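Have a look at these structures, which come just after this line.
In what comes next, chain A is part of two complexes: it sits with chain B in the first one and with chain C in the second one.
For the complex of A and B:
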């Protein structure tokens, strides 16, 4: 049963992400990416990480995809995307990196024979409860730092997409006035 | 039926990561490049969750949470910059952004 679910969702996710990568239409790419994100949450449910699966659906397909959809309203999405003819050096290098990763994945079990769980899951405790227990004791400071990072990202998003950003970001107000006065004198 | 081991999840993760790399290689549009980046982050998330699950450890899930938080803030800042650039120039192609001629 688990094998059927795994293979089904593996094929679905791979196909969806291939559509995202290979299509020349921005709307198809967005829809396929959203579908792939939802299919990925199935793997988290299969692995017993229920809370992570719920977060995946809420954050990725709820927040990130909605953000992309809003962003795409600004752009001309009806036009086909022009593809890049990259340099062969870059393709060579990145293919080498990908091959190295495959080798590392296959040799990893040889090295990792003596790994022990640092924060083992306790029997009889649900996944969400366990996440809370670990997150608010061992990972409290990273959690708070992540909260500050999200706050910074929110302020940055508001400032960047705000109305007055057609002007220069780096020039201060009095400098702009100086430039205007110089223009008037000329 | 064959049992699903850690290797299956790792191979799936590598396949998805390779798809993301292909996207990074062949895209010219910056919005499509962001999509490829999301695929890369998700592939790593699967690997973290699988390793954590098979060793009975919570650390993998914790790192996956932080990666999701980082992805969300990356999208917020990156899309803000992208909208700003599109307002100014009317293009989001990568080749149009090479303003420094070296």
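For the complex of A and C:
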């Protein structure tokens, strides 16, 4: 049963991400990305990590939704995007090397056979509690650093977007036009 | 045991699917009748007694109407979008306990498909995926009104997801579990134990966010008839359009169940009276969705954003902080 589920979702996820990479249609790419991200949560559920699975769904639906917003602004989502490929050979070579590196990184510990759970699952404790315990003891500093980084990003975003926020953009445009007209008259 | 469990789960899934697709149909009938009552009209009257059979007439019309996919639309995505809305609504129902457990022919039935220990997170996550239906449908239909609707869907989704999450944190801290069954047991001691008394702010915030989540008036921006025709539904016809509606009404029912379970004691101690009260409380929240539609105007998108980021979010954060302090000391 588990094997069937695993292979089904493995195939689905791979196909979805393949579509994301290979298509030149913004809407297909984004939808496939969202679907792939949601299918990945199935692996968390299969492994018994319910909490992470649900978080995967919640976080990535939101994140991809933000991407859709950008897609809407930049592209006509019902047409193919004409991509500018300067050197396909270089892209092919680089992506091949990158894929090989990732495989090497993830298989290295398996070959040496020293994968051990540093914090093994405790029986009878729900997995949201376990995540909480590890997060607020062993990994407290990385967690807080990540929080500060997000705070910095948020403040930066507000500063960038918030310039002249209390002025109306249309009125400003009018003023500039007025000034230009005056200059022309002079 | 394994086979019995398998059969039981399949029966539960089929029952939930049938009951709630039927209820979604009845939901449209109730909505028309209640709106008519509040506006001093009669509503559907001609088909069957009190116009009840109007649902059947609508169903026949939706099923037999020609299914049109516009020439310039992105076919596959245009076709799959309504399915996403309806499917995710019913997937979310998997973690909702609809009744207390009861015994029938000596066999104990738990009226919940999967009592996962992250129930509420799962429900909110899957309901959030439901927003992809309107968004994809409107992006794929290459229509200007639909595109506006897509932009609004994205904006509403991103902002009100924050409110739902933050509003839930307070009650979650008190109960210490994500399971809706645990929420119910925490409040099983009677009316005095309801979380609404200790978390009134969270309750109101969650309720407001529920209107955004289901896209009901006053947050009915994605398909605001008087501004953008039918928004995401402009290009849809027949049963594809109907699926959007089944999804919307099913979502309204499910979110009403969730509100009652979270804040108003759910089914209490699990007696027959408790179960009846549970359904009554749920019906009140469903009725309230319709009542608001009759009584309130729709608000503008900028007002919606203002309300979300400048009023509700600071309130929600404050609520979490205050809850934390009260629990600590």
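Annotations for the structure displayed:
In this text, the second predicted complex is superposed on the first by the 114 of 186 C-alpha atoms of A that agree within 3 Å, B and C clash if a C-alpha of one lies under 4 Å from a C-alpha of the other, contacts with A are read in each partner's own complex, and residues count from 1 in each chain.
Just so it is clear, a residue touches a chain if its C-beta (ideal position, glycine included) is under 8 Å from a C-beta of that chain, and two chains touch if they have at least 3 such contacts.
For clarity, every value in this text was computed on a predicted model and none was experimentally measured.
In the superposition on chain A, A:139 makes contact with chain B only, not with chain C.
Shared-chain residue A:55: touches chain B and chain C both.
Once the two structures are superposed, chain B and chain C can be ranked by residues of chain A touched, with B on top. Residue contacts after overlaying the shared chain place A:75 against chain B, while chain C stays out of touching range. Of the two partner chains placed by the overlay, only chain B lies in contact with A:161; chain C stays clear of it. In the superposition on chain A, contact of A:43 is made with chain B only, not with chain C.
Shared interface residues of chain A (contacting chain B in one complex, chain C in the other): 51, 55, 68, 72. Considering their complex, residues 72-74, 76-77, 116-118, 121-122, 124-126, 128-129, 131-132, 135-136, 139-140, 142, 147, 150-151, 154-155, 157-158, 161, 165, 177-178 of chain C touch chain A. Across the interface of their complex, chain C is touched by residues 25, 27-28, 31, 34, 38, 50-51, 53-55, 57-58, 61-62, 65-66, 68-69, 72, 77-78, 126-128 of chain A.
Listed in rising order, the residues of chain A touching chain B in the complex are 1-4, 6, 10, 13-14, 17-18, 20-21, 26, 29-30, 33, 36-37, 40, 43-44, 46-49, 51-52, 55-56, 59-60, 63-64, 67-68, 71-72, 74-75, 81-84, 86, 90-91, 94, 97-98, 101-102, 105-106, 108-109, 115-121, 130-131, 134-135, 138-139, 142, 146, 149-150, 152-154, 156-157, 159-161, 165-166.
Residue ranges of chain B in contact with chain A, taken from their complex: 1-4, 6-29, 31-32, 34-36, 38-39, 42, 45-46, 49-50, 52-53, 55-59, 61-62, 64-66, 68-77, 79-84, 86-88, 92-95.
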